[in-house]
Amino acid sequence: MPRLSYLKALNRALGDELARDPSVVVLGEDIRVAASNLTAGLLKKYGPERIIDTPLAEQGFTNFATGAALAGLRPVIEFQIPSLLFLVFEQIANQAHKFSLMTGGQARVPVTYVVTGSGSRSGWAGQHSDHPYGLLAHVGVKTLVPATPADAYGLLLSAVRDDDPVVLFAPAGALGVRADVDPTELAAVPIGVGTLRRPGDDVTVVAVGHLVHDALAVAEELADQVSVEVFDPRTLYPFDIDGLLASVGRTGRLVVVDDSNRSCGIGAEIIASVVERVALAAPPRRVTRPDGAVLPFAAALDRAVQPGREQLTAAIQLVMKG
Amino acid sequence: MPRLSYLKALNRALGDELARDPSVVVLGEDIRVAASNLTAGLLKKYGPERIIDTPLAEQGFTNFATGAALAGLRPVIEFQIPSLLFLVFEQIANQAHKFSLMTGGQARVPVTYVVTGSGSRSGWAGQHSDHPYGLLAHVGVKTLVPATPADAYGLLLSAVRDDDPVVLFAPAGALGVRADVDPTELAAVPIGVGTLRRPGDDVTVVAVGHLVHDALAVAEELADQVSVEVFDPRTLYPFDIDGLLASVGRTGRLVVVDDSNRSCGIGAEIIASVVERVALAAPPRRVTRPDGAVLPFAAALDRAVQPGREQLTAAIQLVMKG
Amino acid sequence: MTSTAAGVDAGPLYRTVRLIRRFEERAIDLVRAGEIVGGIHPYLGQEAIAAGVCAALRPDDLITSTHRGHGHVLAKGADPARMLAELCGRATGLNGGRGGSMHAADFSVGIFGANAIVGAAGSILTGAVWAKRRLGGDQVGATFFGDGAVNEGMLLEGFSLAALWSVPVVFVCENNGYATTMPVAQAVAGTITGRAEAFGIPAVVVDGQDPEAVRDATREAVDAARAGGGPRLLECRTYRFDAHHTFEHDVRLDYRDAAEVAQGRSRDPVEIQGARLDPAQRAAIDAEVEAVLAEAVEFALASPTPDPADALAYLYASGLRPRPGSA
Amino acid sequence: MTSTAAGVDAGPLYRTVRLIRRFEERAIDLVRAGEIVGGIHPYLGQEAIAAGVCAALRPDDLITSTHRGHGHVLAKGADPARMLAELCGRATGLNGGRGGSMHAADFSVGIFGANAIVGAAGSILTGAVWAKRRLGGDQVGATFFGDGAVNEGMLLEGFSLAALWSVPVVFVCENNGYATTMPVAQAVAGTITGRAEAFGIPAVVVDGQDPEAVRDATREAVDAARAGGGPRLLECRTYRFDAHHTFEHDVRLDYRDAAEVAQGRSRDPVEIQGARLDPAQRAAIDAEVEAVLAEAVEFALASPTPDPADALAYLYASGLRPRPGSA
């Protein structure tokens, strides 16, 4: 089977949707030359009328895309860096997200926002290394964080086809992931449905995005001590709580590992949603960035602020004791 | 003892800080005429050099205040509506918050942002009724939500004196609260310290902002059935988890009532932080806005989306059964 | 003042300004009566702008409106009864009672929504018009905003995109002298027309009290835009006759003196346009408008309020049902 | 070209452009060697702007810089060794290794930080200068940004505030023809100088390859600003000799053709300024610069990396200790 990279999968999904639906257009910075590779080859195929380089006016073109969506197109926006979501937060949370309800159902805003390379890119420092998916989940914008090439493909497809605004985070730590994929089996992955990446009996680890792969590695490492189940929610909002409860109901133990700030993060949400519904055999644990984290530049410091395998291992061991 | 309103308490705190510290300046829209009353009387006393009406350029003047703070002043910004925090999110979360770490401690950004009238103001509809304190807590900006006139005074004082950016939410639902206050006893309230508003034995209710008063009312109503302890965190970030654990450690039961969206909200954070540390006698409960809530205009719908006494009562009863 | 054969096309414009005027006066009464919750930003005094601009648009052309938006919505052709029902939070309202004064929308007549965030709608409208043309239409659009909005960077980004991509948008600045209480002279560095010209957008100053002057200027702009000439800006000089928002009826804010207000009110668009009609024609229109509004008030107040159980209806166009806030 | 008595004040400007040039070349080597993680945005070709602007500033005047900021930081007087240590993520760096290339700051010499968000720094610098004057100083400030930044609304809001409040800021636009790969002609509607003029800010186009032309234009602007004349804008026309970012050294992006690049590189600020010196003086400066940089590299590479246990040091100026991410 051919190997497919995560980034190539996103690229293919975008190409397939452009081919399928003439109302899809792509807007962003440096997308004609495909600086991030998300749009590689698309200019040649679909032309500058559909692959549209924007000036540096993120607020303007985000609202522009909202307007275009209101009028019947399906824009996809690429953001080069995660903190651009801070910059356009009003335009997404207060405009695109609210049009449907505020107009009493007259309007729909099918815009997809893709962050190609979210989280730390090692050495991009404080203002370029955020992972603000929790913010989108809080305001209620559909929030996808695929971990694998097949999910990257399938979730981007679903995002483009969805009638609401959707943000897709492609973590920098996942862009290089490759997998054997049968191209004919690439398909839309439904929004709001998680998946078990590894079955286990003793503890459920919920891992987000690129950390799914770390969680799987840790699970293997610990295999002779503890049987770890790895749950990949894929979508952070809406969250597949039923899928997770099925797992935690069996294991009775929960660890969440997520590369975003701790307070009010998705880790908190997952723990709260579980303990509201099932009694655990041990206190649950989160492995996250620290509260209020700002990533320092120096490589070792940058790494120290992100959750890693060691901390996950420690958290699993703690939960097994507790 | 004289009655002091919440809004007047904020006004007095601001006046006192302007008097005490010549480096304090106030920036905002319509603050000379004191459209919201936060700045009532201050123009006359401190002049247009310190009470500065800005044009509608929120991103610009938020960064301007950051620069002024870097250069030695202590700006206070008033935002008329909560969604302006969405608009300036990059400027607060990605600039003001990050300067200290990114510069290796060379810089400090003592700016206070006050939202006079956060949450629903009944009839201001979808884009003017948010309560985005969880967003600030997630990125790690100090986040204060006083419930009483004395705390409004004392927390605003602490905010202005703090060397970091601080956001103070004054919920619309609390602005009219009045209390008997001995003016000589008004004092700074430390950031990060919650308080017990009502002692109880059976269940701890954590209530945020104006909902503290609803929680107290519900506790009284239920007094002959259940002994409710009401904890007011006052500061959402940093959160006084030790203070809360002392309470929950005694009662063994937890309900959080908070007027913000459910997913990744402060309610999730509080529950997660507690269950990581103590075992509860019953599943904890949240009473919040729904996921992704947008407040509809019609009065009854607007109310229906906000957490109220009925839902809190139901949650308490559920927890007592559980 | 542009001359018109009296009574020929002066009538429709007069009807519009008169409708807006009386609608606003009734709406203020309904605020006082507690039927409109949250108050309104009255459009009184600025009626010529909405009327004149929309008179130059086709029914399928697009507009976006503002917090002070009733005039735009009425002039573009929304049903006054459903508009009033919206203000009263009724299920029969334009938005089913979900939007209220600051979000009234009627996509069926090209009203892509009032917007409560100052400066936001310019780029939204630009994108919408651009999309319509992509989809084969030849629509143009007009986006209304105030003198305060020209200080919002996001509006200027809208100027930039419209100019760059030659989108046929008329940017209509209603310069009423104040952003809430902030005088334009203290808020706007340079000029309003200069801000458009900086992006290569032709801009003119228009007498915003004269409906025909506004209509004629808009026609020129619309014709040029529709023909491929890109965006235009009209700075319509006007004066807000009443409060920034009805809360000012209760709380006195001290920022305009009585002489200035009297001076501002002396050029009344309803009178200016009314003078172009013969008295009988004018009286007939007045009577017709009263009848329409009487019916509108009756309709609005008789309409049911939406069911709180449906408070989150329409939250997601895809039909996703949000998790409730308590369970 | 401005004439100078050769060898009198041509020397210092030459030293600065030469220092920046050679610093960047060494930095690129260190990127290749893996000593600088994350790469850099080379300033090669634009040296005249940083050098010329900062030559017209006092040591206590303020600047803010950009993602392409090494030149500004060096020209304003930061220690090259500590700057290089910062790029290498060392504890001895300007920011203790916490900031890196895009956040280098040295408040002791008026460098209020490079900023990685395009368009953000203009208002920050404006506020800082305004505050300094409030506190009794007579500082002015210069804020650097690219041709891409003029499309950011938040930068235009900075123009607006500086003009409105007459803050003595020199807005320095380095128009190098591209925002990453986006040609200025496709991105900027209207003109760059026109965007400043729209706010009443006088603006001039300057030869950004000539250090003395930049210095002289800046002097005029600074003198006017310091004397109370409010902000100015300089559009410095320049050309980026190398990649947008060093990642382009590995990934070829196709947006400028070879002829254009050759043409752009033909006016080299180091050569332009170097030609104003006699060869011996030039050689002496070159040698001195090499010595400084050799020492800087040695210092940087010999310096310790910060302790990961202190990864969140300085997060809160108040000393608040954040809760860790796992426990």
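We call the chains A, B, C and D, going by the order they appear; numbering starts again at 1 in every chain.
Here is the rule we use: a residue touches a chain if its C-beta (ideal position, glycine included) is under 8 Å from a C-beta of that chain, and two chains touch if they have at least 3 such contacts.
Predicted model only: the values in this text are computed from it and were never measured.
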{"item": "Mutual neighbours - chains that touch chain B and chain C alike", "value": "A, D"}
{"item": "Centroid-based (C-alpha) most distant chain relative to chain D", "value": "C"}
{"item": "Whole-Å gap between the CA centroids of chain B and chain D", "value": "40"}
{"item": "Approximate Å spacing (C-alpha centroids) for the pair chain A, chain B", "value": "30"}
{"item": "CA centroid of chain A to CA centroid of chain D, Å", "value": "35"}
{"item": "Chain C residues counted as touching two or more neighbouring chains", "value": "95, 97-99, 103, 115, 117, 151-154, 157, 160, 164, 186-188, 312, 315-316, 322-323"}
{"item": "Residues of chain B whose C-beta touches two or more other chains", "value": "55, 57, 59-60, 83, 87, 90, 94, 101-102, 125-127, 140, 238, 263, 285-286, 291-294, 296-297"}
{"item": "Topology of the chain contact graph, where touching chains are joined (line, ring, star, complete, other)", "value": "complete"}
{"item": "In the complex with chain C, residue positions of chain B that touch it", "value": "29-30, 32-33, 35, 53, 55-60, 83, 87, 121-128, 262-263, 285-294, 296-301, 303-305, 307, 311, 314-315"}
{"item": "Residues of chain B touching chain A in the complex", "value": "83, 86-87, 89-90, 93-94, 97-98, 101-102, 125-127, 130, 132, 134-135, 137-141, 237-239, 260-261, 263-269, 271-273, 275-277, 279-280, 283-286, 291-294, 296-297"}
{"item": "List of chain A residues in touch with chain C within their complex", "value": "23, 25, 49, 54-55, 57, 59-73, 75, 90-91, 94-95, 99-110, 140, 142, 162-164, 192, 238"}
{"item": "Residues of chain D touching chain B in the complex", "value": "62, 93-99, 103, 105-107, 112-113, 115, 117, 120-132, 134-135, 153-154, 157-158, 160-161, 164, 312-318, 320, 322-323"}
{"item": "Residues of chain C that touch chain D when the two form their complex", "value": "151-157, 159-160, 163-164, 186-191, 194-195, 197-201"}
